[in-house]
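As structure tokens, here come the structures.
Each of the two complexes below includes chain A, the first together with chain B, the second together with chain C.
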Partner chain A sequence: MNNVTHLSGYNNFVLPFMIGMIFVLSCCAIGAVRVILELPASDKKKFFLSLINPKIMAQNVRDWFCDCLFHVKLWKRNKLLGYMHSSIAFGWFMIILLGHIEVFLYTPDRIHKLWYPIFFRYFVAVNDNTMQGSFFFFLMDFFLLIILSGILLALVKRVRSRAFGMRRTTRLSFTDRIGLYSLWLIFPLRLLAEGFTADISGGSFLTMSLNHVLHSFLGSEMNMLPTWWAYSLTLGTFMCILPFSRYMHIPAEILLIPMRNAGILITHSRKGVSRLYVHTCPGCGVCIDACPMGAVKANNKDATVYLNRQLKRGNQRRINEISEKCLLCGKCSAVCQVGVEGDKLRIAQRTQIKYNLSPDYSKIDVNSLINTNNIFVNTANKNVSYTENKKVLYFAGCMTSLTPSIRKSMVSILNKSGVDWRFMDEEGGICCGRPMWMAGRLEQAKQMAEKNTEIIKTSGADMLLLSCPICYRIFKERYSLEGVEVLHHTEYIDRLVSEGRLNLSRSDTRYVYHDPCELGRGCNIYEQPRHVVSAVGELVEAAKNGKESVCCGGSLGSLTLGFDKRKPLTENALANLTAGSPDAIVTACPLCQSTFGRYSDRPVKDIAQIVDENS
Partner chain B sequence: MNEIVVIIGGGIAGLEAARQLLALGHSPIVIEKSDHLGGHVADWHKLFPDMKPAKDIVDELVSSSKDANIFLHTEISFINRLKDRYNIMLSNGISITSRYILFTTGFRLFDAAKKEEYGYGVYNQVITNQDLEKWFNTSKDSRIDNSAMKAVGFVHCVGSRDEKARNTQCSKVCCITAIKQAIELKEKFPDAEIYCFYMDLRLFGKKFEDFYIKAQRDCGIHFIRGRVSEVSENIDGKVIVKAEDTLAGRPMKVTLDLLVLMSGMVCNPDSTRVAGMMSLPIDSDGFLRSTDNVSRNTVSPKNGIFYAGACTGPKTVPETLAEARSAVLEIHNSIISRR
Partner chain C sequence: MSMFGFRISPSSTIDLDKVDRNRFKKLCALEPDASKCMACGSCSATCSASEFSGMSVRKVLLCLQQGREKEAYAMMSSCMLCGKCLMVCPRGINTRHLILSISRIYGKEESI
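For the complex of A and B:
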């Protein structure tokens, strides 16, 4: 009987696999079409054009290999985690690929049978022809071994996640659990199935040896069919549960990569890229450890991974709660292995929350804010003597106005360096718009941006200088100020020093530099402030810094976090900063400075202050 | 029945307690960290509501408690508990054994520089209530220019009732102090416009309300309900204050020659330190915690340890003095019941 089925290349046990396969493929196809259809027309065009752009396509292919198969980012984070994921992903990919190559080479007449490469060893009997492929037998066994080692690590990780650099992991949902267990079972069952048939189909070091072991005490061939059935059933279960579980991230990431490379941004709270992000989230829980709110255990459930889960479930109450609570520090996005932008996803949710108040700023008359103080009249400042004659407009913003020592230091630095500068908002100004943007009030933010743009254009400035990263980010990201260079004071001071216009004296003071969220993760400025700090003293690094710097807890991002709830977050951030026992804390954001100043046991200064003191 | 009582702090509460203990025949030992007695009140010029010179009160207290053992420039190095008494080691090397310790450690003025938006320590024309009192006493402060005093502002609740400054308690005396100081300034500079920026006025004490009415009606002091949002400086070195007039419902901006910040009372870190040596509890407002805030507010949860004055919370001068007497009575009763 076996011979017959072997020859026909079909057995009923392939059915669970086929059902699962067809189901998952159709789900993915429907999902992909849905996401693409939901994109705004301009984004759709952008996406399709990117697919014929060779440069972007090359990037796509590179990202597919590096992110989906090799998990390069995970390797950088933790070698064990990286090995666990890439062994399963790449190993599985190779087994599928090699399976198809085998079929193509030895039984090309059966390539049209979708299940054939998966169950190849059941249908093929060893003969001179197939034995030429002992090289493939070896490779198949080799990759199966790699996968099995990955699965073993996954089992260890369930028990001891700390060994993998994870303090906290996600609580799995029911479907995630089924997916997980079936995934664990697939490969051991495949090994067993192939082990039973290795004497007929042929095999290599793993399957052949197992075959000898099995036959020594389980002589009957009767075990063959049930194990192949079990293998097919677990495969089918995994694929049927996949669209409802976190394993949806596997196909979703394949689509997310070209979308991201095409430069498509979130435009809707749920549709399009937002939907894709939600499904790309693998639920790994790296964001739980990263979240600065995690300093209080009760906030663990507000990490991005749970936002994504609630978005899948459509639990509106929790979605709003999580979205409004977040500090928008962006650390979850920075550490996310698949590039889910948790902060932007939350802002998109906030746009949907209705408030009673919706102010209109379009009626503000900017003429009252434009005066001789902030307009560059055609004559350059008489006291200025330097070659590069840029007209600098300094926008202090509300936070710098509330920290007058920073403003005073900035004025002093600008005068010392002989810069031709004017205050944009000495007599009061219009908000930069970033707080409104963070609150999801995009329309109001745009109205403010328009008004400020008008003032800046009228002033005739060549450069806009900001000392608050919150302002800086929105001026950089959302304003169109052609011909006006937008600089944060850390960049500008660094430039003044390197051009020799500002001379600094170095002291022995040990400074730790705190990367403000909006400046570091927000605008990618890490190097310039460190240059400046190193020029005035000894730079000490915090335990976590740069991309992984910890939010001070004072962020404007959170709409609901009360003052008392922020204290432990600030204390946690301070503990991180003072790990290297510095003499003083230096930051480049007035909000971070005043937040830390409240609880710090040592001086907290803005970079402008230490530069002014040492120049 | 002569009993040694160690009094920690030589402010008005400590002196009043020493005086009363002497009168009852005990031997008080006053330990004072600074070089003078009288604490904060010694720095003050006149006291509301009758404008009695603070010096008179302090002098009177000092002279009537001079028979007590007084250690100036002395701190507590450590305290350990023996069987039924305490061994107190002083920084000058002397150790005292006593059954009774009275905390009269007082308060510390909130560091106004922590409210950076008000510009204390940043702008030259911004001073605190304490600086102003010292100036009343000495007429010496480089920041105050007698010739140019056209407009003065007072900011109430600096570091009081302010969650962001980590102090939610009301400092009790600043409302009336601001009014008193405003009247005093107005008397010195009759042409000056004086503004008080307040959240609400808490004028609970004897004749406080009369003071307020006098300030408004007779002195023409402007009371503006609203918090100051931002202070800046103009080219002439004057301070520009932005605030919201919440009664008129509009923002306002005034240029001032002097801005006085009404710094509130916070717990003295020294009293927390000494309390820590004996594991005395700290209340949620950061001050020392009495056994009962209603009926036994001078009694600590530990045997033989008593409190008086602002170490348990902001208090006025008469309240502090009354509490010192009350604590002495508790101690005296305890001494008697022992026999």
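For the complex of A and C:
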């Protein structure tokens, strides 16, 4: 047995693997080309330019390793979940890599045979040359063991998902099941196959010991070929089912990472990057637990993972149902392990709904809304004591005008701090456009944005101050207001306090701060409101806060959720907030305030109110 | 009145027998909320669009019920979907979806 026994380096059992491999590679290539072709021309240019940008490329490489192989985000969520995924992904990657290195070192003449590294141990026999590779044999066995431990965890997770920090997991579809079972089978079969041939090919602690055990009661070498056949067949099955199952996320994520780093946004409901998002969804189901609608069990089927599944199937009725129901709180996007933007995907679906009647704002006369109240003419406000004062235009917004206490408090704060300010919508104004944008009617939203931009430009203001996070988000994201700083009142109050223009007195009241979806996840403002709340009282944190705060249930994002359907969601969010038994709930959104106020057992206040009371 | 052959002001009589109620029925089937409205006028009082086109969900529903579609469309032309009516409605009517459904069901003939 000193020579290589299988001289040809080929056996029929490699066929299932080769068929699967060729199939999956061609599917991925076609898919990638299709996605890139579907991008708008400007995005295509952006994408290709990003590939030659060294900074973005470095980011891509880092993300490929951290996200695809090490699953860093999953580790942060739950150690067991992280270990399970990264052991399989990284272990498999290392086995493939080491397999190629082995072939390259010991049988370089066979490197062109695509199957050879995968079935190396069948074709090669132990000799002095290959035994120098006992280090590699050890590594191969080591990574195989790591993968097998990951598979074992996966089996446990099927029975006890709670141990992995997941209350609910996805219901698998038929193809997902086939993919899952064949994935589970690949590695034990590999171990078995290598165990049978370990005395010929050589092996290490795992395969060699298994070989001894097997030979003690299954001496025949006849078992060798069937196990290698079985191994190749499961590999082939897995790869043939991959494009139709959730495992498509493995190749799709590799393309999504450079697309995301290039800054390509969703522009079409199905095509281009939307298609890529749908296929990148691994169906892990983290979004099911995250979804605030999950407070009612019937809503579980409306999580982003199921939207992606329906998008793959093209079930239009369900796609519309899921997209229109969503609160667009963005929590699924915040927790998503691969960065699928469930909220934006849904807005893109909503743009496809046909309406016969469309509002037309061209008749609205902007001049009627511009008056001495909101225009800065020769700003000589005698109450203003600061020389380098900004001209602040305060846009309360629709929602704030329904919660006059916030507006009153803001007016009082602005006057106390000696700010030179004007009201933009004291007598009513034009909606910011965000609710219309969320309904998927982007053209109408843009029309409103134009009207508002005209008012702001005419006013001559340097700063636009907003009380409503819904407005704030669209003013930040979609308006082009050069020279005008856009601030939410939480940021502005924090600034006033730190500049010493507003003095706060601290009380012993325990406040819990609720992060409004549009302010927190939407605009990334978490710190400033907490500074302010800590300055006026004791800050208690909710059970889930910050990026994972629970939507109040009142969101304008949902088009179809009725009043009574929202109640359990609000109660669930309240239970989350009151976990630390605070004296009062503080939020920074008029809509959250009025929604919570409806069912809360303790006072619900806006941050402006508590600041005004304590200054 | 018309027996004189002339009148001072246009008649505001609505002949409900001549009104095509099919679309309204369709709307009620799709939006059961439409028949929940008790015409309190909270939506009229708060509407952001009312100063531009006299919009009010209450009036839109009334107009559609009586077959005065043109008036309803004119009112709806400046609806900004801001959701204030949703917040104040004491009957918990999902006004925003109601408006979107009206936009979907009505207006077909006129647009052609």
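Everything below uses one rule, namely that the second predicted complex is superposed on the first by the 606 of 615 C-alpha atoms of A that agree within 3 Å, B and C clash if a C-alpha of one lies under 4 Å from a C-alpha of the other, contacts with A are read in each partner's own complex, and residues count from 1 in each chain.
By our rule, contacts are C-beta pairs under 8 Å (C-beta built on N, C-alpha and C of every residue); 3 or more make two chains touch, one makes a residue touch a chain.
Predicted, not measured: the structure shown is a model, and the values here were computed from it.
Applying the stated clash criterion after superposition on chain A shows that chain B and chain C collide. Contacts of A:R598 after superposition on the shared chain: chain B is touched, whereas chain C is not. Here chain B and chain C are compared by how many residues of chain A each touches, and C touches more. In the superposition on chain A, contact is made by A:P404 with chain B only, not with chain C. In the superposition on chain A, A:R441 makes contact with chain C only, not with chain B.
With both structures placed on the common chain, the touch criterion links A:I430 to chain C but leaves chain B unconnected. Look at A:F135: by the touch rule set out above, it reaches neither chain B nor chain C.
When the two complexes are overlaid on their common chain A, residue A:L556 makes contact with chain C while staying clear of chain B.
After overlaying the two complexes on the shared chain, residue contacts for A:P359 are found with chain C alone; chain B is out of touch.
When the two structures are aligned on the shared chain, A:F217 is found in touch with neither chain B nor chain C.
For the superposition on chain A, the stretches of chain C under consideration are 44-52, 62-70 or 98-106; the one running into chain B is 44-52. The residues of chain A shared by its contacts with chain B and with chain C are 401-402, 428, 563-564, 594. Residues 114, 116-117, 119, 121-123, 163-166, 229-233, 242 of chain B are the ones that touch chain A when the two sit in their complex.
By the touch criterion given at the top, residues 401-405, 407-408, 426, 428, 563-564, 594, 597-599 of chain A touch chain B in their complex. Those residues of chain C that touch chain A in the complex are listed here as 33, 46, 48, 51-53, 73, 76-84, 86-89, 92-94, 96-97, 100, 102-108, 110-111. Residues 324, 353-361, 363-364, 398-399, 401-402, 428-431, 433, 435-436, 439, 441, 444, 448, 554, 556, 559-564, 591, 594 of chain A touch chain C in their complex.
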